[in-house]
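In what comes next, chain A is part of two complexes: it sits with chain B in the first one and with chain C in the second one.
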Partner chain A sequence: MDSAALLKAMKKIVDPDRILHNELERRLYSYDSSFLSVRGRYCPDIVVLPRSTAEVSGIMAFACKNGIPVTPRGAGSGETCGCVPARGGIVMDLSGWDTVEEVDVPNMQALVRPGVVHSRLNEHLARFGLFFPPDPGSTRMCTLGGMVANNSSGMRAVKYGTTEQYILGLEVVLPDGEVIVTGGQNCRSLKNASGINLTKIFVGSEGTLGVITLIRLRVWPRPRARGIAMACFDRLEQAPEAVLDVYRAGILPSGIEILDQSAIAAVNLYRPETNLPPVEAILLFEVDGNPASVEWEGREIEEIMKKNGAAVEWSTDPQRMAALWQGRSVVAAAAARLRPDGTRVFAGEDVCVPLGRVAEALRKIKDLGRQYDIVVVAYGHIGDGNIHTALVIDPDNPDEVARLDRLVDEIHRLAIDLGGTTTGEHGVGMVRSAYSPLEHGNALETMRRIKEALDPRGVMNPGKIYHPW
Partner chain B sequence: MSASIKLDAKEEYLKKCVRCGQCRYVCPVLAEAGREPASPRGKVYLAGLLQKGEISPGRQAERILSLCLTCGACAAECPSGLPVDRIIKAARALTAEARPYSPHRLIFRQIFARQHLLGSFPAFAAALKKLADPWLGLAPGKPARSRIPVISVPENRKPRLKVGYFLGCATNHLLPEVALSTVRVLRHLGCEVITPPSHCCGLPLETAGERDLARRLLDENRRIFGSFGLDAVVTDCSSCSHHLTENGFGLHSQPVYEFSEFLAGVLNPPRPSRELEGGAVACHDPCHLRYGRKLGGRILQVLDLIPGIAPVEIPGGSACCGGGGTFSLKHRALSAGILGRYAARIKSSGAQRVATACPSCTIQLDRGLKASGISVCHPAQLFYASYGLSG
Partner chain C sequence: MDSAALLKAMKKIVDPDRILHNELERRLYSYDSSFLSVRGRYCPDIVVLPRSTAEVSGIMAFACKNGIPVTPRGAGSGETCGCVPARGGIVMDLSGWDTVEEVDVPNMQALVRPGVVHSRLNEHLARFGLFFPPDPGSTRMCTLGGMVANNSSGMRAVKYGTTEQYILGLEVVLPDGEVIVTGGQNCRSLKNASGINLTKIFVGSEGTLGVITLIRLRVWPRPRARGIAMACFDRLEQAPEAVLDVYRAGILPSGIEILDQSAIAAVNLYRPETNLPPVEAILLFEVDGNPASVEWEGREIEEIMKKNGAAVEWSTDPQRMAALWQGRSVVAAAAARLRPDGTRVFAGEDVCVPLGRVAEALRKIKDLGRQYDIVVVAYGHIGDGNIHTALVIDPDNPDEVARLDRLVDEIHRLAIDLGGTTTGEHGVGMVRSAYSPLEHGNALETMRRIKEALDPRGVMNPGKIYHPW
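Presenting the complex of A and B:
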């Protein structure tokens, strides 16, 4: 369809002020955080900003009838090209549709539109003494729609799990424009065993099955106390063992994070006042709950760390906690400091391996970095085996980019070999779709059949998950 | 066409943006516009395309780059440490340079290059008044510069410091009472105040991409102030103070201070004696004071000295008012939207007055708060009243 006809058709559905069609505006919808998104040119033909389910439905019905690809987009903070229009067409920017429709306190749930930013939701819920537990590092930018589409999580997944555990129901516009409500159309219960769980099919579907227009999510009472322990280990292998000892003692911290030697060096270069000790690994534990249990669990963790040969500090003082946590909070930004002329690129950054093989994975990834002569900064959620590898290169150097591609491929294959996955929380998109057959075997075919059943014309976010791009 | 975003030789800045989007969280324009071209990240990406010569610096680029208040919130937030506001200004320079004969550009340059002279033309003063009265809601009197002597000395005592007063354009023409209060308070506190016939600081020009002229004015101002042997240069305008310090105006023997910064950090003034009425005052930290100078909270600190003033907190704290100098003229609906959200918060604070230190913020906030009976003033005016000064 030519662009004038497409524009004319969109103007019949949404306010012209919410349609972007000039070349430069469209190009600003060609990227997310992934390195891949700036290596290709994935420009949409038009961008629309719907603000109602009826508008989304109208756009989908039109697109489906005319075979035009549609890519839903939140804040564009993803790392997989998930919201990048691989085949052009329409991009739906939902980030401005950001109303919290209802906080249903007696029923411990909330109804939100897809553009609500995670931290804004939690600021809103805090007024009611509630919170939404999944906590991505991108809390200040990512939207709830994006979180649901990617089944996001973060540091506190150790205790609280991932987004899917909190989604009670969804309003979804299907690729042909039909609107359905999953999880029971008038349901406000916290459990529901009625029928096939369609909600779970849409969570993590990365916008390939429909457009999420309303989210009914479960909220929890806000913990009243919090404490942080920092443990420093001379040898990397001591750290995963110490984590297992904490679990064996019957303690479930809300977060367990690791910084390896390279991450420690990067943090010290970025913020010298942090002054982290130059050890092989630092573990950070966060414990939350009521004040008495937090204090007891913190002291237990302190003892366990000492027994494992670590130097350890425990605190519940807000200022000291912030200081102890500072290394973890700045490491993502600090990674590029290991190479002043380098840039951190998001590629192969989210593998997740079995708990018992974290140390092995970290060692092997470092070896691969040396083999390909690329700076690798490793940190992440050791409590659930989710390792973030920050790769630092000169993106303008074709030789380095070629080496990066080989390194990333090896990191992804390593994760699968170790019995893990290429992505713990960021998703597949275009970046990891080549590994879908290896990860899922013939289950991938079942995924494709679900996709084809819901989207026979293949208009919903094509080029992601199911087929190598 | 290949272009270059020159930023003190650190051109790799553009490579450092990983498009994480954290800047989206703090950008007032994005919050109102709700679309990627309004985001700081979008404009940095655009600057990269201009830098690589992938796009030409035409009207589309100019329009997108204009969607920025240069408040600096994004630069303070950026995990990669990118000076986002400066990148946007540098990219604007590219688009401006691509249109050397634009009439709009030529007029803009002339106004700011010669504003110190324009005030002496009755026709200009009349035109400004005509514009200011119905539209800005102001009724400025004669420009401050014509009412302030070049040299003001404290009465009956030897000056403790010799300071230069940097009189900004907007204060001079639109809020002359602020300038008069500043000079009189400084003089009352023992300063010999020199108000030389200086030029525009250059910020409006740099913001519009007119970097060469902005630099010329900076050099010229440096020469003018440099000839007086001053202990310090003081300005009551946060934006002038930000621009001058960011560009190394006061590197040598005459550091630049914003008014509240100078009071709190250098003069340590005695507590005034006259109790002020209407004491519920909310402090609005202008973005250039808060992010540019990193002096958030300084206004509150000095107002604490004034008897009768009971500071009230704005729920959620200070935010961008949406003024941004010429931004409010170019993007009236966006500017009004940003102001509307913020004004609602200020109203809910119970404040009877708002104290701030930026003429653009003052005019903008006044527009949003006047109907609610909340007045907007400069700390210098409150000190002036509380010290019981006159003349």
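Presenting the complex of A and C:
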């Protein structure tokens, strides 16, 4: 379809103010936070900003009839090209549709539109003494629609699980424009065993099965207390073993994060006042719950860390906790400081391995970095085996980029070899779809059958997950 | 296909010792625990007891080619006719395939075959200081395969969620005999964001999409301490309000159960030594965690109950806890005592309503019982709005059975009207499929599309969920 006809058609559905079609505007939608999106040129033919289910439905019905690809998009904070239009067509920017429709306090749930930003939701819920536990690093940016589409998790997944655990129901516009409600069409109960679980098929489907237009999510009472322990280890291998000992003691912290030697160095360069000790690994434990529980678990963790040879500091003082947590919160931004002319690129950044293989994974990833002569900063959610690796390169140097590609491939294959996955929480999108056959074998064909059943014309975010792009 | 040919074909796949084909043996497979199965005559043509994935695959490939219905079955403890062969054909009894293949302690997971009984799994895991949190009332009977197929929950769902939260991956034999592994073909990580979530589509699909042959489940460290509070209320309405106050205080008990006046009376008749006070409602709270936490939450719950006008007793003594919990654990068996010539039938027993509507639901269900002159005993998982109703009738009295049917229909419609569901945890099967259109509207058609994509010949447990039978 030529661009004039497409523009005309879109104007019949959404207000012209919410249509972007000049080249500069469209180019802005070629990107997410992945390195791949910087290298490619995946420009939409048009961008629309719908603000109602009827508009989304109208766009999908038109696109489906005419075989035009549609890629839904939230904040663009993803690292997989998930919201980048691999085949052009329409990008549907939902980030401005950001109403918290309802906080249903007695029923412990909330209804939100896809564009609501995560931190804003939790600020809103705090007024009612409630919170939405999943806690991605991009909290001030990422949208609930994106979180559902990618089954986001983050630092608290170790105790609270991933986004999917909190999604009770969804309003979804199917690829042909039909609107369905999953989880019961008028349901407000916390459990529901009626029918196959459609909600969970849309969560994590990365916009390939439909457009999420309303989210019914479970919220929880805010824990009354919180405490943080920082443990410093001379040898990297001690850290994963100490984590297992905490589990063995029957303690489930609300977060367990690791910083390796490079991450510590980067943080000290970026924020010298942090003054982290130059050890091989730092673990940060967050525990939450009632005050008595937090105090008890803090003391236990202190004991366990000491037995594992770590220097440890425990605090429940808000200012001191913020200081202890600072290292973790700035590491993503700090990584590039290890190489003044370098840029941290998002590629191979999200492997997840079995808990018992974390030490091995960390060592091997560092070795691979040396082998390919690329700076690797390792940190992340060690409590569930989810390791983030910041790779720092000069993106304008083709040789480095070629080495990066080989390093990323080796990191991905290493994770699978160790019984893990190329992605613990960020998803597949375009950047990891080449590994789908290796990860899933013939189960990938079952995924494709579901995709084809719901999207027989293949208009919904094509070029992701199911086939190498 | 005639029965001799079917028998001959099955003998080529499984050992003849594991094939049942005489009429008496087959009749035993006409039943589960639902009242409907007692009234119907849903007899399989043959029963096979496979003990390997290859056997299950061989049976499915044959059945699919020949259009023969296959119904997988665990312990038969379900209450929905889910494992009853609505269209005859083959029943696949998996209850004897009960190996715990592996407890992977460092990775906090276990691999089990579908026939493993829930209580046996937890006994086994206890040796490693681990447990599998979902806790159905049928723990000594129900199989893990059945729990996954029905997404079981039970008393601890209020804190720990339902079975699906613990299922990391599955080996599934598809209707055509193909074997897939969900959650990553060689994966042992605790998180995995690769691909759409096939695992969650099979969990709760009630055997309509494939046969589960291996379950990879997440296990947790056993909590170190436990405590139980019993609170007695003069008026039924006080109880749901007190539950909300506990949540408002930021406390998430591991169980919150209710017994109404009839349930209390039934327990006192069945076990006079229990000696429950003859009030309108009793709440039982279980809290678990570390010892400090349990003590703190126990005291808080005591205070909250007193403020809500209840007499309350709190205990962490194992013997006293067992005595306090006794009323709850015998109520299902005790219900029939309210009417010496009556039988407790499983029908309309599993509605779930929004937390804020529990009091209203309880009152209305009791009123309906009076209106239809049928004894209704109400109890269950009030913490997530899941109310169990024991209906006591003379099943040989056609007039009573006719009244029962009308009462059950009213209870189901009431639940939906209140923003709930006909089933909080037991599932749809045959007994509630008539309500699927009302619960799901056009989303039911999306479920059917997925069903047809995975089972185009319709051989996998037909007559359930998607269409009234």
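One rule holds for everything that comes next: the second predicted complex is superposed on the first by the 469 of 469 C-alpha atoms of A that agree within 3 Å, B and C clash if a C-alpha of one lies under 4 Å from a C-alpha of the other, contacts with A are read in each partner's own complex, and residues count from 1 in each chain.
Please note the rule applied: a residue touches a chain if its C-beta (ideal position, glycine included) is under 8 Å from a C-beta of that chain, and two chains touch if they have at least 3 such contacts.
As the structure is a computational prediction, the values presented were derived from the model and not from experiment.
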Is A:27 touching anything from chain B or chain C once the two structures are fitted on A? First, second, both or neither.
first
Look at A:200 in the shared chain and tell me whether it touches chain B only, chain C only, both, or neither; answer first, second, both or neither.
second
Between chain B and chain C, pick out the one touching the greater number of residues of chain A.
C
Taking the superposition on A as described, I'd like to know which of chain B and chain C A:293 touches: first, second, both or neither.
second
Figure out whether A:363 sits in contact with chain B (first) or chain C (second), or with both, or with neither.
neither
Contact-wise, after the overlay, does A:39 reach chain B, chain C, both or neither (first, second, both, neither)?
neither
What is the contact status of A:339 with respect to chain B (first) and chain C (second): first, second, both, or neither?
neither
Just to be sure I read the superposition right, which of the two partners does A:124 touch: chain B = first, chain C = second, or both, or neither?
neither
List the residues on chain C that touch chain A in their complex, please.
104, 106-108, 129, 150-151, 153, 157, 161-162, 164-165, 174, 178-182, 184-198, 200-201, 203-206, 208-209, 220-224, 244, 247-252, 289-293, 295-297, 300, 350, 352-356, 384-386, 416, 419-428, 432, 435-436, 439-444, 446-447, 449-454, 465
Chain B-facing residues of chain A, complex
20, 22-25, 27-29, 31-33, 37-38, 47, 49, 75-77, 93, 95-96, 98, 115, 117, 119, 138, 140-142, 330, 332-333, 336, 341, 343-346, 394-396
Residues of chain B that touch chain A when the two form their complex:
12, 15-16, 18-22, 24-25, 33-37, 42, 45-46, 49, 55, 60-61, 64, 77, 79-81
